[in-house]
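The chains carry the letters A, B, C and D, assigned in the order they are written, with residues numbered from 1 in each.
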Amino acid sequence: MIIVFKSNASEEQKKRVENYLTNHGFEFHPIQGEEYTVYGIIGDTKRLLPEDFKVFEGVSNAFRILESYKLCSRTFHPRNTKVKIGNVTIGGNEIAVIAGPCSIENEEMIHTISKDIIKRGANLIRGGAFKPRSSPYAFQGLGEEGLKYLYEAGEETGSPVVSEIMAIKDIPLFEKYVDVIQVGARNMQNFALLKELAHVNKPLLLKRGLSATIDEWLNSAEYLASKGNKKIILCERGIRTFEQSTRFTLDLSSIPVVKKKSHLPIIVDPSHPMGQRDLVIPMARAAIAAGADGIMVEVHNNPEKALSDGPQSLLPKQFSGLMKEIEIIASAIGKTIAKN
Amino acid sequence: MIIVFKSNASEEQKKRVENYLTNHGFEFHPIQGEEYTVYGIIGDTKRLLPEDFKVFEGVSNAFRILESYKLCSRTFHPRNTKVKIGNVTIGGNEIAVIAGPCSIENEEMIHTISKDIIKRGANLIRGGAFKPRSSPYAFQGLGEEGLKYLYEAGEETGSPVVSEIMAIKDIPLFEKYVDVIQVGARNMQNFALLKELAHVNKPLLLKRGLSATIDEWLNSAEYLASKGNKKIILCERGIRTFEQSTRFTLDLSSIPVVKKKSHLPIIVDPSHPMGQRDLVIPMARAAIAAGADGIMVEVHNNPEKALSDGPQSLLPKQFSGLMKEIEIIASAIGKTIAKN
Amino acid sequence: MIIVFKSNASEEQKKRVENYLTNHGFEFHPIQGEEYTVYGIIGDTKRLLPEDFKVFEGVSNAFRILESYKLCSRTFHPRNTKVKIGNVTIGGNEIAVIAGPCSIENEEMIHTISKDIIKRGANLIRGGAFKPRSSPYAFQGLGEEGLKYLYEAGEETGSPVVSEIMAIKDIPLFEKYVDVIQVGARNMQNFALLKELAHVNKPLLLKRGLSATIDEWLNSAEYLASKGNKKIILCERGIRTFEQSTRFTLDLSSIPVVKKKSHLPIIVDPSHPMGQRDLVIPMARAAIAAGADGIMVEVHNNPEKALSDGPQSLLPKQFSGLMKEIEIIASAIGKTIAKN
Amino acid sequence: MIIVFKSNASEEQKKRVENYLTNHGFEFHPIQGEEYTVYGIIGDTKRLLPEDFKVFEGVSNAFRILESYKLCSRTFHPRNTKVKIGNVTIGGNEIAVIAGPCSIENEEMIHTISKDIIKRGANLIRGGAFKPRSSPYAFQGLGEEGLKYLYEAGEETGSPVVSEIMAIKDIPLFEKYVDVIQVGARNMQNFALLKELAHVNKPLLLKRGLSATIDEWLNSAEYLASKGNKKIILCERGIRTFEQSTRFTLDLSSIPVVKKKSHLPIIVDPSHPMGQRDLVIPMARAAIAAGADGIMVEVHNNPEKALSDGPQSLLPKQFSGLMKEIEIIASAIGKTIAKN
């Protein structure tokens, strides 16, 4: 932490900051410049907030030098975290492909699609049973019934399954039925939920919030890690900007940035932000080229009948085409697509 | 709902959309233009999503004409909703002032501040007991103990109290201790929480999400209203933009926009977005001038010792100055500041 | 400037930065922390960019402590700049009201509107002759002819006039016909234009760019001031965000922020961002309450016939109502509306 | 164009809109719904703005159905535009690589770097002579001298050269010295400049504005095309968002979106938005995977000595590595890297 005093800060004003620091067990080193004075703070500054100091009269600014997250920071843990799910390891040289419909609509459709996508090369099956919909009048998902169908599709194909949780009370259901629990964008800072999930013994897929900075995202991951669950996979899914041609602006630059700041694996969901299937494919390829550890794409055998987010679902044939393309792209950077 | 077909859409493509519509009980009227064909859909289109149609081959675009929220829309309910809390009515000609510290730090401080701000003209007392902090290492609030202190401060001063809820399991505590339950920005789309709060018999203060559009905010209010709780107060608290001089960009234009779209009252929290107390005062004044039904400001008798968000807390003397200014501003638009 | 070295930076890496600094005439003071080393740089750091240092191996980050603008900074010039235009002084206790149509459509209309708004209390007349339109097919303004009509309307009413410039080659026209030259949002970083305008002996109205930070805006003002023209008035006109209910998000918080960072006057244009006249009025009031030195609003006697931006133009009667309201609001903060 | 009337719009209000339409030579078709009335407008609606109609009493909304740009729209010109520069054709199956330093610093450096990058596979040389810098105190470029050095480096290597123009008065210099004239992000809506460049007989590289929507960008291209210059190459360079880990958020989704909306070629500059060279490489790869027609990257043989933007410049060896990777990625989608 660095504290910058105004050029006209009085000695008394500085003294009050010094007392605060020593009372809280921190040391400090002053640098006297021509137009300002700067104090460098030494100690476990993770406990301090820059804001704590801006309140003092005479202080002009305060900056954090080190990240506030530690367990998720590459600085302290240089080696990649690898999360093993079934036969796939996410975070190493293998790229994982998660596919499936946006919503589980009925028993038959999830079985049909699951068999089809696994055959075409997907490693994990995704499907929503509890849907976060902005309108209370929109389809809210099949709930437990949907999770059960998903579980059975996983059993039938021998593949792990992923689904999104929305409430703490549903944790037992997710422990029973799914292999990876997804935290959606709208719950990235639902800290009550994060604290509970931190105790669950399942890998967690943490989506980036709609307007979350990368540091906030890693701080949310730190909530999970600090309470014990380190099997965390980050998922970029687009952020909110002024651009209206796409639903969200997929921020692929988060991939190299996260890789630099953190040791956690990161995958990309191009389906939701792009909104239209012909836009999804190039962005899925781009995600792999940018270094993502995997992709999560919506595939539907009959998207015109989908109960939610049909337009962005790939057709099975398109999905196969994409698999071939990313196989080559992965090879360009020394990676491979995970095999089942 | 309006569906726009591409200029080269085939008759068969149109037929498939028509069948979908009639199967779901909707009528449609086609308009044939030179370069496009448009279908106007008639019926309860609240159940439809524009996205549902973009999936069809031949469709170029689809727009919603009416809002997806109905109970919260001024179109269907032209008269202002008024929420009565203690002696104050929010949503009419009276302006309510909610004040207090960011966090309840201990029993004595909340009593001292509460007595002081009520004496200076505040109508309701605010204080955080459960704090949504981006880092797991930051102070998380006193929890139930804090709520209890707040309750007692309310009893002592005879004023209603407001506090933020973060988890469904805490609803009984909030029903016992507070008069208005606040839903924070990070939980605006925590639909599981909204669905439960919809059954609580207390006024709800719904903050705008960090990157929520006004329509999404009103849809979240609709979750509450559609399940029975119509005592909703909206609270603008700033949105996320590229500007870094302030913590968030306080979007005061949401006040007249919400007033036009909805009958719900709207108040403004200028403290969190502005981040520094000398910036809070002009924005609190501006909120009143823009037509807000109230303001919620942080006041602290000793902000340098505050455990959270000290720099943005007004000093008691500043708060009194602000009260005098907004009294005059309110008079300019035919309103008054609520008296206790 | 503060340079932060990585915890594992080698002595040789630090030595290279030190050499760079001494070669460029700067001194530095190191602070040794447990997990990092920080160098404070002393000298005319306005010439340095933080980016210059991030390129060095071993450097983790670099921060600017002082603003890069100096002539426009309140730190170095604590007293308010006051810009005198005709009988009005912008930047003191008087609030200036600039009004008029978006575009000058013909001779008669600008005369009619000008007489009307001056009678109703406006101090300056605005009117566009060169219009920045996103589409080449939209009405581009009357050009020189329009400026001439505006000039004559100014002569007839005895009021100063304001209009927007778009090209360096038009400077002589503007010197001849207008009293205040406006630089539009889209040209805020047209540095070639700024450099030329810096030599013009007329007050300049510098609008904030669509996505300009406040610091960038002040840096653009510094372009003007550094080359000699210090009669600068800033104008907030909304920034681009994800919100679509308004055309831009009017950032009124820029008023107190600019007042803190700079000594330049700042006015607000609520018409363009709000887009609809009933939304303009509350935001004009709010601008005054937030401490703006003036407002610039569109008024049209027949907005349904306007060639551009009709929906946001106030009707003359609405304008009179607004004048009364802001008179009272100004009094709440010890200001008055300028009289002609 | 679609005009939506309020449910309570009177016949007289509709009549006034109808008169306006027929007076301007448009036909209309009304659709009567239960809760609203919609008029579909027929004719050359490119001349109309939705805003023109929102001003009428009784009108609730107005939407554009067709884009306002026509020459740049794929709807009207389905086949890809191909821009030939030297031996390279941009917009077909070949991918062009433009490389070079951010600024031309002196004669020797641009010659050295140019020879090196052409040897390593670049097709065009870039170098800035006129630099748009936010601060007036930062290095502004060598001006004409720089252009001349660049020209000579082009002659020596036999490669076309690209540089950014900032002022109309410099057009003759650019006609003399460069092969492709770049319009920078800050000038994307400098319409005075666009109108002049439209008459120049050189390919134009039009960068996306810092907060420009894709439609605005295509409208700016339309300014060029509508006045005669159709040799337009679009260049994505990042947009402004709340994220602060990168300088701008590179919006790679603009690639497939532009490809869908327009027939113009689009390339990507990953250097400026990413800001650090290790982040540039993955995003350059991703751009190719997303379907870009080329990339423009900064390469410097001695970035620690660069006068501007050193940290984002690739080292020559890194550039060679990137060339190998994108060769493979291009093959995955049936493209090749252009050869000299």
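The rule is simple: contacts are C-beta pairs under 8 Å (C-beta built on N, C-alpha and C of every residue); 3 or more make two chains touch, one makes a residue touch a chain.
From a predicted model like this one, the values you see are computed outputs, not experimental measurements.
> Please pick, from C-D, B-C or A-C, the pair whose interface repeats that of A-B, with more than half of the contact pairs identical by residue number.
Overlap exceeds half of the contact pairs only for C-D.
> Report which of C-D and B-D is connected by more C-beta pairs in contact.
Counting C-beta pairs in contact, C-D comes out ahead.
> Where the centres are mean C-alpha positions, what is the separation of chain B from chain D, in Å?
Centre separation, chain B to chain D: 39 Å.
> Between chain A and chain D, what distance separates the C-alpha centroids? Give it in angstrom.
31
> So how far apart, in whole Å, are chain C and chain D when each is placed at the average of its C-alpha atoms?
Going by mean C-alpha positions, chain C sits 26 Å from chain D.
> Where in chain D do residues touch two or more other chains at once?
211, 240-242, 244
> With touch defined as at the start, can you tell me which chain C residues reach chain A in the complex?
2, 4, 7, 29, 31-36, 38, 40, 42-43, 60-61, 63, 65-66, 75, 240-242, 244
> Please output the residues of chain C touching chain D within their complex, sorted ascending.
These residues of chain C touch chain D: 16, 20, 46-47, 49, 51-52, 54-56, 68-69, 132-138, 166-169, 186-187, 189-192, 209-211, 216, 219-220, 222-223, 226-227, 240, 275-276, 303-304, 306, 308-311.
> Which of the residues in chain B come into contact with chain C in the complex?
The contact residues of chain B facing chain C are 211, 213-215, 239, 241-246, 249-257, 260-261, 273-274, 278-279, 282-283, 285-291, 325-326, 328-329, 331-333.
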